[in-house]
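So, here's a batch of structures to check.
What follows is a pair of complexes built around chain A, which joins chain B in one and chain C in the other.
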Partner chain A sequence: MSGLSRRRLLGAAGMGVTLAGAGVAAAAYSATTATAPASSPADVVPFRGTHQAGIVTPAQDRLHFVALDVVDGDRAALQRLFQKWTTAAERMTVGAEVTPGGALNRNPDAPPDDNGEALGLPASQLTLTFGVGPGLFEKDGVDRFGLAAKRPAALRDLPSFTGDDLDPALSGGDVCIQACANDPQVAVHAIRHLVRMGMGVTAVRWSQLGFGRTSSTSTAQSTPRNLFGFKDGTNNIKAEEPDELARHVWVSGGDQPWMEGGTYLVARRIRMHIEVWDRTSLREQEAVIGRDKGEGAPLSGGTEFDPADYSAVGEDGKPLIPLDSHIRLASAESLGGVKILRRGYNFVDGTDGHGHLNAGLFFIAFMRDPFAQFVPMQSALANNDALMDYIEHTGSAVFAVPPGVGEDGYWGEGLFA
Partner chain B sequence: MSGLSRRRLLGAAGMGVTLAGAGVAAAAYSATTATAPASSPADVVPFRGTHQAGIVTPAQDRLHFVALDVVDGDRAALQRLFQKWTTAAERMTVGAEVTPGGALNRNPDAPPDDNGEALGLPASQLTLTFGVGPGLFEKDGVDRFGLAAKRPAALRDLPSFTGDDLDPALSGGDVCIQACANDPQVAVHAIRHLVRMGMGVTAVRWSQLGFGRTSSTSTAQSTPRNLFGFKDGTNNIKAEEPDELARHVWVSGGDQPWMEGGTYLVARRIRMHIEVWDRTSLREQEAVIGRDKGEGAPLSGGTEFDPADYSAVGEDGKPLIPLDSHIRLASAESLGGVKILRRGYNFVDGTDGHGHLNAGLFFIAFMRDPFAQFVPMQSALANNDALMDYIEHTGSAVFAVPPGVGEDGYWGEGLFA
Partner chain C sequence: MSRRTSAVTVCAGIAAVALAGCTSTAAPQAGTGEDGAITVTASDTACEVSRTEAPAGTITFSVTNTGSKVTEFYLYATGDRIMGEVENIGPGITRQLIVEVPDGGDYTTACKPGMVGNGIRGAFTVTGTAQRSTDADAKLAEAVAGYQRYVTSQVETLVVKTQEFVDAVKAGDVEQAKALYPISRTYWERVEPVAESFGDLDPKVDGRDDGEPGVPFTGYHRLEKDLWVDGLQPDSNEMADNLLADIKELQARVATIELTPVQLANGAKELLDEVATGKITGEEDRYSHTDLYDFKANVEGSQAAVAALRPVLDEKDPSLGPVLDQRFAAVMTLLEGYRVGDGFKLYTELTEDDTKKMAEAIDALAEPISQVAGVVTA
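After this line comes the complex of A and B, so read on.
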């Protein structure tokens, strides 16, 4: 490992190389790191494109998610911040420092732009995904940034659901940034520096680390397990299904042209009561989920990826997949065709102060309309899902995720057009 | 990835294979996983040996550390728990379930012994390291388990240090278990199940996840960076230095024969004020640490592993390595030869409620006598270290770490002999 590798990438960028996608990033890499490669092309996920990265990108293993509030500054300050964030984010996704020479700058009497904790680490498939919350458009009845007319109808606070136990300190936010990477140090480095650049304009509202992905977003990935021990995300929408993505994930023809090609992100911090779960029989666990624990096959039979047969009944005449099972209630069949793209992570946040680990699933999902997709799904689950006895939603937020950043564009530029 | 792989390992163990070290574990592996290898021999760190694993083991990338209090039960219950923990820990370190058939047991009407979230994952170099705190020997003047006479003189609560801001909810504990692995899901799985097995006897006091190692414990490892961006642990004691380990880490000839070959673990949760650090010039940062940021070389010159020359002065007649620099005050030269084996991790625990990330370094160190090593070192640092302006110790604990577990032995058996 060499501290030079990131500096070299940075040097290339500083000399005017435009890092406009995987091909170019790879070229920048090969031109500048002959002796100390930091990032191979496979390590770099293109930052620019039609859609933002970190949505259909095959889910990386680690997450650092932050929600920020805008605490000061005007519309111009916000716009400048989004521009600065874009430049820094693109640099970090190819494994470079925040600014050219940022960590070991030539003026030792100035604070370094980049703290350097990721020096020498590869890009690690870092993606940075940016969204804006309802409060950016109007907060307490005030249109702080002249953006009220830009608010899409689909971006508003979610309703309460049965059983919600939301902590305001873990909910909401004017802006979100999702960092996913295969090395948590790289994800934390990115969030820390974007937070730092926001100082004076934004402040951290809440932040969540996730250590293990709980969904696949590509057919090339195996299905991971959540902290209840079940495979999670078997029936997720996959990157290889463009029709499904167009139908359920990407905004098109909505009320706000700046959101064309964007999507909405719903985040829910779901505390899992693992001690209660651990006292539950295997049979009951499988009935609650609707799948067998070993293979992840639906209880109607077959193997993991066989479709669930919700009409199948056992010898006793009862449905093989119980009426209150999680997969039945969350299924497109039960919800009039509704689907979402899930991209969540397992978490453990210390203890709950009562002798237990504070563990669960940080649910992230992308969809074209939270009120047409997440709200009916969560309503059905909150009222009837057998799983609700074992979990509790303790945080909630919704963000509009603008489309991808074109060449010379910046995050959320449509807001200011 | 196949859920069968761990079950096969488990099957082998269930049939009576003794997993008594790397060789045997590897044999069990090769005999049982022909079609679905979960753990290669390189993935498995031997559980049994002269010393516990997870001390000189080359530091893995991820940590889950838990401190437990004994809340109920008598001496016999404690002894049974330590025995059960040992059996389960050894199984998990080879990638097997907690008990044979534990996840997908043959009685579906019973809760599974193993929740299964690590099914199909390799052993990931999991190590589990066990220690006992002062409270196990006497708490509030009560000898709860008839162990008071077994307390080593070196195991007692640490004194307060200047600037300490300790949270009792993040400090102390009767028992600790350190899980290190290259996959955080494997470390969390292990801690979660050991916690679960303790129910009715122990309860979680505090728990800490760490996402990136901040020390090397082997010359084969590169030096990682902490969240201040500096290489950390350059001069750490390494596994390849048996004389140094014998002198500074392993207990020998102490007052308690059961601790022969053991060591002491000091844990300190160190909050780093990264926002303050980020406003500090590179020159000042390097002066605070005593090394240059890029290479990690001492400010007296040379490269990373060159010895620091604390007598070197600059043209202005001042020491090149400042008198209040961290490396000078923590050096063996300043401390009459004192050294410790550091094995800490970076952490980010959400926010501090004031718009900042709650980030820092979870310091773990091993030594043969905390009062002869950590206490003088931390006293010198707390009173004079320039770094103290940027950090705060918010948690503290000390544990006696018994020697390794011999064949047919169990964790801490010397306590009950």
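After this line comes the complex of A and C, so read on.
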């Protein structure tokens, strides 16, 4: 029964795919958001288009992110894997099994291609977003896949920042795949099967589950709260702001033609010391963030979406939004106009072994140049942000996210052109 | 599947010959060879085969070890598929290998002085065809028969090596027993899925100290704990005797076992599962930390099962075999990097990065291996 409905979905998506061929993807995408708000879990987000899905797509509720190392194989094996991944990814984003009939009706002596844990579940707005790390182009001084000349200047390891406590086992990676969906089982199903397909060429380096988006990426969405209890992403770049996206997110006129229309993904695993935070007074919490906790309004006054007035001072002559507050230091005003598109998720990964929850925010942001945007922003925050007393960056990675996949294209095809 | 009966007969014949050779400490009967047997003179540095060509059918090798190290002799088909092997040939000993080679073609002989490495190899040609194996059932039957020959030979050596281990334990020679422990286990680990199919023997022989309360802790790992941690106990000798009795019981049962091609394929996969869940974690040999010996033996056993099925695989999905060749080779190359002398580094000497690499290599191999059963029965 469920198999039938999934096949119907696939048929419908097949039409969508045809429509979404080069160029009109943005239009098709807008139509989706206009007619089907994020609350409808059965939505299929078009896989193909000018840009990859999962960036300006209204942030879904759940994340499964994986960073992989390329451990074996040559250039041809890598290319074949990217092609296989693309086919499987597209199928899964419409709610289909990883291969036609892959979960059922197979030789009983063979393991199923698709383990079936997503059978009967709707597409859940699954998006799969693919990126490549610096190590794909050169690792330990070796150009393993003849790709060194294809490395964009903006794709290189991030510098270390004050207060970083990075775990190499939670950092880096040659390839990343971000799965976002409104059902965690759908997201995990997708990553699990892509990982399986990669065995022999790729192996998991690290993986992160996230629940509860910590940013809105569309004006149609309300602003969510992170695990500090504050609204997060009020001032984020939104899907409905094409000029801002063009200026801050999409690569154009860069040094590598294959990245035209792509973007860069910075991932930071930020551990939150929530137990310490919970013992902090409301006044202190609001001063650290720079907003009021209930409404999310800047401490300079007004309501959530009113612009912050960083020059406003109180009766005591001190700035209403403290100089070391998070929103001030991260603001475009104090960073010479720098903005990024944030798309992070909360996480709780069991315990830290010291009687605490291992909780935090898995920060994901998209931008056209990490060194012109993320690096100056994080430098300012790492050195001055009052929030640093309550957080610790424990993982870090940067990936180049190629442009969207055209009608007959596949993930990262520009690398092999 | 009518050939199964004759295959079992051949097995039994080999077992009998091998046992006879095994117990023989008489002077080598080598020389010209009897009944058309091809003589093999295996020294520490050479592997002289009296003839390098034979007609298809039953081929008999009479292997004499003239060197100072224990040696082995193999006949391989393409892809190192073991057609037949005779192991554990001590210095001065002659043993026979009787092998069924139905198809003509290029084969390889190899002596392995010290029982390690790729061996001293030579080309061997088989002419003509003894039995046409166009029938898929016949090929499957030959695969099963070939693997049963392998199991028989492994268990036969297991008995010998366990005897040596047990003797050392009972002599109170702890150092010698420690040295023999990982060696004797090698033969168990290679055929573990078959041994495990006898549900009562596996816990007695290979059980760990984490069973239910009231379940006695016996077998290899109990003696391992005595040797490495507790020192020999009042009942260690009894444990040793029981272990040997259980291994001999295994040998008796293996002689009558009837396997299917799917069992072979699943066995190949299960051996890698053993590596993934028991060896890479250091759980198996938690007192001696000799897990890498078991690791290698599991992979070798998996390779032997796949090799037996190889003609069927090559017929039904020619793309799978080369992938398996490459990934088996990758695992073996990785393991060789941890070799120390005739053995391996201890598990406790491995870094997290080492075990991560091993796990990745096993995943890379196990994923295509998991396809074998389906291909074989398709």
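Basically, the second predicted complex is superposed on the first by the 376 of 417 C-alpha atoms of A that agree within 3 Å, B and C clash if a C-alpha of one lies under 4 Å from a C-alpha of the other, contacts with A are read in each partner's own complex, and residues count from 1 in each chain.
Everything below uses one rule, namely that a residue touches a chain if its C-beta (ideal position, glycine included) is under 8 Å from a C-beta of that chain, and two chains touch if they have at least 3 such contacts.
All values reported here derive from a predicted model rather than from experimental measurement.
Colleague: For A:Asp72, decide between first (touching chain B), second (touching chain C), both and neither.
Modeller: A:Asp72: touches chain C, not chain B.
Colleague: Could you look at A:Ala203 and tell me whether it touches chain B, chain C, both or neither (first, second, both, neither)?
Modeller: A:Ala203 sits against chain B and chain C alike.
Colleague: Once the two complexes are aligned on chain A, which partner has more residues of chain A within touching range, chain B or chain C?
Modeller: B
Colleague: One more residue to check, A:Asp349. First (chain B), second (chain C), both or neither?
Modeller: In the superposed model, A:Asp349 contacts chain B only, not chain C.
Colleague: Just checking: does A:Lys318 make contact with chain B only, chain C only, both, or neither of them? Give me first, second, both or neither.
Modeller: A:Lys318 sits against neither chain B nor chain C.
Colleague: Is A:Asp109 contacted by the first partner chain B, the second partner chain C, both or neither?
Modeller: Both partners.
Colleague: Can you list the residues of chain A that meet both chain B and chain C?
Modeller: 71, 107, 109-111, 196, 199, 203
Colleague: What part of chain C is in contact with chain A in the complex they form?
Modeller: 262, 265, 323, 327, 330, 356-357, 359-360, 363-368, 370-371, 373-378
Colleague: Would you tell me which residues of chain A are touching chain C in their complex?
Modeller: Touch list, chain A to chain C: 71-72, 106-107, 109-111, 196, 199-201, 203.
Colleague: So in the complex, the part of chain B that touches chain A is made up of which residues?
Modeller: 1, 3, 7, 62, 64, 66, 71, 103-105, 107-112, 114-120, 169, 183-185, 188, 191-192, 195-196, 199, 203-209, 211-212, 222, 225-230, 274-275, 277-283, 285-286, 293-295, 346, 348-351, 353, 355-359
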